[in-house]
């Protein structure tokens, strides 16, 4: 028998050939490796949400090993002395055990909660980026809708998760949620009773929320996120305008290796920040809230921040009760408008916005280049209006804490919120619009007259003028100014942003390498590199 | 229901590692104290106690009341009037408020009032402990009322934090918040933070119901239960550095929401600025 | 050398022969990119092999990875040996979670920044341009797919044989209902079973026995238990009365001052509740009529009751009428009296609906 020589170095190659023989993956793999992604810091905001979702899955699975989704009454006998002997639900007791009697359980629970807050925060910040740069325009309307749905599904995920420990604070939240469902005309009581399995709180809601929180909602989130990413991949990422960038191309880096490496590193950074938050900052100290009891409440009972705007709208709502005098009489309680109708309108408006704008502008073209917020004052101003609306509501959601800590009257805070909700958004619209126009004008001014140099010259007639550095060569205009078109990208406003100076020399205290040659402008001598220093010992020249 | 409750308490006691029998004995003692306090309170508000009744647990300090009157006539008479009958529009009558009220208001610096506003604020006290006692004695002898027992500073020595926690959540947390940090009430009034309060001040506040705080007399919350509540406040809320890192001021989810933006999002935005920046 | 700055290759170029032995590996990479309509227009190593800069950056990256190793080891050591069991007071266990979080965070951040530095500083910088191929709609493709689908419809012949379509729909509709039925049927629950939305634990028992007001520990309440200006949370003295099974029953028993009590009684009489109070005592539902939170911040001087969830304020002396905030309905009042043994009892159940409003509340 002839013994074949085993060639270790050739093994990966052979294996690769074997795989390709069977699956024909070489060409698709090449396409994947070659995908080009544009690089800008604001394109990384969505990744924060994606990565915190992964952390949520990881920590969440850990929590399910110890959490018991049951409302059976037990007497706590764990190691947290101030609650020993207190009757409570099994869900709350197991959450306490998770915090005190499972080694490292508390850091996991806190990481999970912080990751949830970060997930929602990153979604909102990412959404603002997409909105203000016009990235939602055709062909990306679908992805905008999926993104808005992700916010609302994330909202549900957060609320169900927040309710699971069955502590005093979350139970109060659940009580309000049941009241919100109850307030829906006609079907309210049926809906509430069906969800809670009878009168509030019943004995089953925690198990139902549990399965929604660990299976149904994450499944939905996963599906939506996959679709979201798939569409980004298929439609290719938008990019900022700039040299060489057109509506028909993507200028950036190929996905592998550098881009992917940076993504991997960023994931670790997000994970690390969540771990630091989870360890160093206490979140939701359920042991202080006590078990949920229908007669116990704490001052400053707030939901998590992404629900706070609803709490705010509820607080600001005047006591307008609608009575319908038919038969025994029917009621639409004031709670219905700010908690059911308002979110409904918000969902509708936010998902439909791309179509509303396109219709308004009669714009049916595809857009792959982003817009600077200042260049679309109307949209930016509408966005500012929406943000200020949301902020007023969110602040009102915590108005008792603000009232207490800043010693303002609580009633005054409520009135300030009511007035603010009506006054601040239009004001924000106006101010933003004017700001955008001002910024636009300044851009045009710099393009036409050049950058301010800070040099003041006295004219023979005694006037003082500032010398401007034109951005382009003179082209026969009497004042020596050239005409430059605005291309939708940053206009240099300072001398050291002009790009005439060439890339900075690397090295912190002394140059560690020869500077690259500066681009040569016609009519100017090339910039001489600095003389080399002895520390530069590479022995290789660049050219 | 009662048997249910007995079982619960028994369990509680067992978990605390304290024999149930002793707890029962304590309860009987508690009942006696309650009865006594009820008798005291029944006549408390509008009748003047005979000095002899006072003598039982608070032997009169000879001359202390007179010293207190001297202080009163200098510092308090403007608002509360001669003989503490009150001045319309300035200060309420102090007849029947008891030494507990004086002890709370004066030792926490709330009185003398700096200016008329929605609610008095805690300030560095003007009077020494001795002077507070003299003032209290004076007001006590004017019209009777609730008294914080003894002169000891520590009133929660054998309080039970678990029982105190339960009482705290049902009676206190709605205004003073789960962490004892206080909360807002209507129109600029507020429930103050419990953190600077001493044992005696908390006790006095429960007994006397200062300003808008409801009164928790000894019939409702026995001295023993008061000790439990104080133990929970002092040992769990104030001393116990509970696990999980910096507590963000215990303002609930509001500061957590602030933190995720100010810490989480800001840190990560800086990271992404660096990642995508031109090197 | 290795800096490439080129302009986009003209369209319709000849594909390279990738088996040409004269090609460098980069040539093949670029050829692959070109086949995906990517032009690598700028490719520049940031550090040259063997330079001091490269060695320095390598050390930095390696340093990050070593920090990760150290922090991860520290995490494990703390996880295993640090005292972690809760003890009241200021025990070392308070630092267990922060230390775990800090070491884990440092480990992850260091590996993250290590990878990032590697990718950002050590790998060549490049600018590539990829065509989107969006403008050029494949008209032929559209026609072919469209026609194929229409042809498929013809093949099925739904148009010619409408009965098939109709019967299929008629058949599938109940199937959809079958899928929904167990879900809806299983979950649905009659909200007015036992009249539960309109009764509380204070509903008089069958023998006509009136329900006592009890405290959280089950003891019945005597008038002397509450001082003037005091409040007490009371529950129906029935089995499980002090539990979430009777979440709508918690009641606030308030001992008003003389003058306030008179005012309150006058207000009671105005709405025909003249006998609801007993002496200076009045009992109101603790469950807010707005969203169901326990409205229990009783201000004993202003007689206002504040709900901490949405700041509704109720004026106790005016039948707990809402005077501020989003609540639109007064807190129901429980008619009370004292029985022969001297304990508070409810004369009857609440006469108004407890808790948050709903559509069919009369």
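Order of writing sets the chain letters: A, B and C. Residues in each chain are counted from 1.
Convention: a residue touches a chain if its C-beta (ideal position, glycine included) is under 8 Å from a C-beta of that chain, and two chains touch if they have at least 3 such contacts.
By chain, UniProt protein names: A = Cytochrome bc1 complex cytochrome b subunit; B = Cytochrome bc1 complex cytochrome c subunit; C = Cytochrome bc1 complex Rieske iron-sulfur subunit.
Nothing here was measured: the structure is a model prediction, and the numbers come from that model.
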| item | value |
| --- | --- |
| Chain pair, most C-beta pairs within the contact cut-off | A-C |
| By mean Cα position, the chain sitting nearest the middle | C |
| Intercentroid distance (Cα basis), chain C paired with chain B, Å | 35 |
| Distance between chain centroids, defined by C-alpha means - chain A, chain B (Å) | 44 |
| Inter-centroid spacing, chain C versus chain A (mean Cα positions, whole Å) | 17 |
| Residue numbers of chain B (touch at least two other chains) | 8, 161, 166, 170, 174-175, 183, 185-186, 191, 236, 240, 242-245, 275 |
| Contacts with 2+ other chains: residues of chain C | 86, 88, 96-98, 101, 116, 120, 125, 216, 233, 294, 296-297, 308, 311, 313, 324 |
| Where chain A touches two or more other chains at once, by residue number | 81-82, 100, 106, 110, 262, 265-266, 269, 273-274, 277, 279-280, 293, 295-301, 400, 410-411 |
| Parts of chain B lying in touch with chain C, wherever the complex brings them together | 1-2, 4-5, 8-9, 38, 41-42, 45, 161, 166, 170-171, 174-175, 183, 185-186, 189, 191, 209, 211-217, 219-220, 235-236, 239-245, 274-275, 279 |
| Parts of chain B lying in touch with chain A, wherever the complex brings them together | 8, 11-13, 15-16, 118, 161-162, 164-166, 169-170, 173-179, 181-188, 190-191, 232, 236-237, 240, 242-248, 250-254, 256-261, 263-265, 267-269, 271-273, 275-277 |
| Chain B-facing residues of chain A, complex | 39-45, 47-48, 75, 77, 81-87, 99-100, 106, 110, 114, 117-118, 121-122, 125, 168-169, 262, 265-266, 269-270, 273-274, 277, 279-285, 287-290, 293, 295-306, 308, 394, 397-398, 400-401, 403-405, 407-412 |
| Chain B contact footprint on chain C (complex, rising order) | 46, 86, 88-90, 93-94, 96-98, 101, 116, 120-121, 125, 214, 216-219, 222, 224-233, 237-239, 241-242, 294, 296-302, 304, 306, 308, 311, 313, 324 |
| Residue ranges of chain C touching chain A (in the complex, touch as defined) | 1, 3, 32-33, 35-36, 38, 40-41, 48, 50-53, 56, 79, 84-86, 88, 96-102, 104-116, 118-120, 123-132, 134-135, 187-193, 196-197, 216, 233, 235, 243-244, 246-248, 250, 286-287, 290-294, 296-297, 308-313, 322, 324-329, 355-362 |
